[in-house]
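Two complexes follow with chain A in common, the first pairing it with chain B and the second with chain C.
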Partner chain A sequence: MNLTTALARFLIFPGLLFAVPTAWFFLWVERKAVARMQGRIGPPFMQPVYDFVKLLGKDTPPRTGVAGLLMKMWPLLAVSAAAGAVGLLPVLPSSGGFQGDLILLLALLELPSACIIAAGFSSRSIFGEIGSAREAVLSVAYNVVFLLAIVSIAASQHTFRLEALAQLPASPLRWLGVAAILVCLPAKLHLNPFSLPNAEQEIYSGPMTEYAGPELAMWELSHGLEWVAATGLVATLAAPHVMIVWLAILLFVALSFFVVLLLSTLAAATARLAIDTTVRFYWQCTLIFAVLAISSALFMGLRS
Partner chain B sequence: MNPWNRLMCYCRRRSPWLFHMNSGSCNGCDIELIAALTPRYDAEQLGVRLEGSPRHADILCVTGPVTHNSVQAIKTVYGQVFAPKAVVAIGSCPATTNVFIDSRTLAGPLNKHIPVDVFVPGCPPRPDAIVLGVAKAAEILAERGVQKPAAAALAADAPAALLTAAPEAIPVSLASAAPAAAEPVAVASAAAPAPAAKEVQP
Partner chain C sequence: MNILTMLWQNLLGGSRTLLFPERPKVSKGYRGLVRFDPALCSGCAICKMRCTARAIDFKSGKGTFTWSYDPGQCTFCGRCVEGCKTHALSQDAECPPVYLTIGALKKSYTVARKPAPKPAAEVPPVSASQAADPVPGGAQ
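Up next, the complex of A and B:
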């Protein structure tokens, strides 16, 4: 393991230096796609950057004690976890650097959502608590399918290592798993059919209700980085393995962009579902496919 | 002005987030405010976002003639918006209490209770007038952020005196600095119907 390569991957590509502008770009694409779907022009290209800088310049509420410290900590933890998840993605074909496995990536992807739950409860706002409770229920609903899909991919290719997964040719089972992950992404990113935790017309801003200024800017950034990490996971699993560096980067960006467009269009075209409908959707309709995928993966593993 | 302040000014003007508050309005102005975000007017081109929480907002949009019941709520919400902030009074009611003047249920107008930066008169005002008022408020907000606190407090006090002098004479009043600097802007409420959405440069 080479420390320089590991640092370069975390800090430059696909880590922070690449991920932060891409996060802002994806946030803009999300808003622009929704605007175009509604027949509007939408925000200017630099809008997420304007929002971020403006939020950095606003005052924050005075927070004291352990609860105040925790409230300051959650957004930072969410940003670092999401940035770490992006840094782990096996985009470049060259091996070396820190070779994380799928389980670490899953943990880092799940951490921002856990931070949101904790942030809502530590803010002690009634709207924050309701939002956190919804986020927790949502997380339990989609994670069963999400984890089963990941496990079925890993089982069908006999490895949990990300590098090896990216290099192996895609099997039909992997496509089933990628489809199941795609179904889970709207809930993971709080997009419209499943935008329950931050349902504006019902519970103000959910867990974010009490956040302001730089802390809110960190939440926006962590949401953008989650976009990059989640769509990047799909892109790395779906992309064919190429040895040329610039082509690999181009494929990664193009596939991520396509997934962002797809999800934003879905968000603009649908209305919010109730929490019981959401849970029923994931546990009754989607779970069948995930169970099918994992059972056939295990069956194929036994035969070979 | 140092480069960081200049950048902050630039970004503040392009990213006004609104919080909408009803202080006993008949809902006419509320509907027009929502209409300003629709495809026809598309305030999002100016970076406008309607926020769910006053903690996130930069501009407080108040509609309604301020009933006794809502005074405390308005003061609370105004305190919950963090500095720098601006207030836009939408409709004739918060500016003058309109046809409800002398009613015993009212504690208006709005600038008796919180400092107001921009008045958008009309019953209800057109959505394009509201968009113009929000754009003016965003300019005031950008300047206010880099002022010294004492100067900002002075600027916040200015519009109250200005409005009590001649409320009807101010269509969309720009009252950021001294009263001398405030000059009435073209009567936006009587503007012709806006064409379909087109690119607006903030």
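Up next, the complex of A and C:
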């Protein structure tokens, strides 16, 4: 991948120009779907855009005793990382990529979470610190399963290149890995039942408590981009390989949309779990499947 | 699986959100805005004493009194209505109306005090048997 291609992927497709409207659309779909399933009317179609524009026009109140530059830096870093992760997704049939881009994707997907943890502790708010601590514990809980699932998929297909993974026919082991990733997504996107770090009713949105105005708008945007990147990763791994460009885009959006609906249903159907229950769920129930997947992948690798 | 059935029914049944100017149906015994009947009020101000939200104000003047009510502060607890001996207060059995300016629902009434009842002209005659017996529990 040369510099021009990389820039085009980061800025145009599937990067910022495509990902930002898609992020707002997915945020709207999630809010609307949850509202309709709860018997509410839900927000209008343009609400995420209105929210973003409104927040951009607001001032950030002065925060005494807090490093302002750090507080400004975290949401920007999160947006950049999430946009970069979306830019790496091999949506188009021959989109390039490089050996090991899957590892970079995982790192970029993890960066917004690390930024949230850092932002909560930087804010010196008690609610922010509690939220960050919860985010850190949650991150440790689901990431073991998430990483094992990704590694098992990569090991079963003998490549860490995303485009190669997207082109190879899906094996049963890959479906097991995709299922494990799907189980981790609610925690990654802070959805019920794993919405502990941003529990509005308990800790006033946790790390976001001290944020307002354009900085909060950037956090919202990074959250939307995380939606696109995370659901897009599942769509990339689950979609059959097609050579027609428009069909590949359509398939990507449709599968991502389906994952958003699935996660919204789960969010509407469940209540928030306590942190110990969450950790127990990931380390006791889900880890078994991930270990099974990676051991099968390694066993298959040894045999072939 | 019950929750999924419920979600599915909600999805098919549409939203329960009411759009303006629709108003929700209320149950029997619903406590809405407090209504005041100046003709029945005796001006005792018990309602002001009972109102912990300070929605009711009472000002006494010369020969008149002013009774005011601010629904913006009212918690619709109904204690004023319960305490009104003359039944001058009652509560609507419907949701308060939508208003666009602060204090639009405030009400204030200036009522002339009713003349106090004159004391009885003469003590009714006491029978001989009642006068002979001391009142039980009375001062000896």
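To be clear about the criterion, the second predicted complex is superposed on the first by the 292 of 304 C-alpha atoms of A that agree within 3 Å, B and C clash if a C-alpha of one lies under 4 Å from a C-alpha of the other, contacts with A are read in each partner's own complex, and residues count from 1 in each chain.
The definition used in the following text is that a residue touches a chain if its C-beta (ideal position, glycine included) is under 8 Å from a C-beta of that chain, and two chains touch if they have at least 3 such contacts.
Since we're looking at a predicted model, the values are computed, not measured.
After superposition on chain A, the partners chain B and chain C are seen to clash. Contacts of A:I103 after superposition: neither chain B nor chain C is touched.
By the touch criterion stated above, A:E210 is placed in contact with chain B alone, chain C being left untouched.
By the touch criterion defined above, A:I12 lies against neither chain B nor chain C after alignment on the C-alpha atoms of chain A.
When both complexes are overlaid on chain A, the residue A:G42 reaches chain B and chain C alike. By the touch criterion defined above, A:I288 lies against neither chain B nor chain C after alignment on the C-alpha atoms of chain A. For chain A, the partner that touches more of its residues is B, with chain B and chain C as the two candidates. Look at A:T265: by the touch rule set out above, it reaches chain C but stays clear of chain B.
Clashing C-alpha atoms between chain B and chain C appear in just one of the listed stretches 4-12, 76-84 or 166-174, and that stretch is 166-174.
Residues 35, 38-42 of chain A lie in contact with chain B in one complex and with chain C in the other.
The touching residues of chain B, counted against chain A in their complex, run 7-8, 10-12, 14-15, 17, 38-39, 42, 44-45, 47, 49-53, 55-56, 58, 82-84, 145, 197-199, 202. Within the complex, the chain C residues that touch chain A are 3-4, 7, 10-11, 13, 15-17, 19.
Chain contact summary for the complex, chain A toward chain B: residues 31, 35, 38-44, 46-47, 49-51, 53-54, 57-61, 127, 198, 200, 203-206, 208-213, 216.
Listing the residues of chain A that touch chain C in their complex gives 35-42, 265, 268-270.
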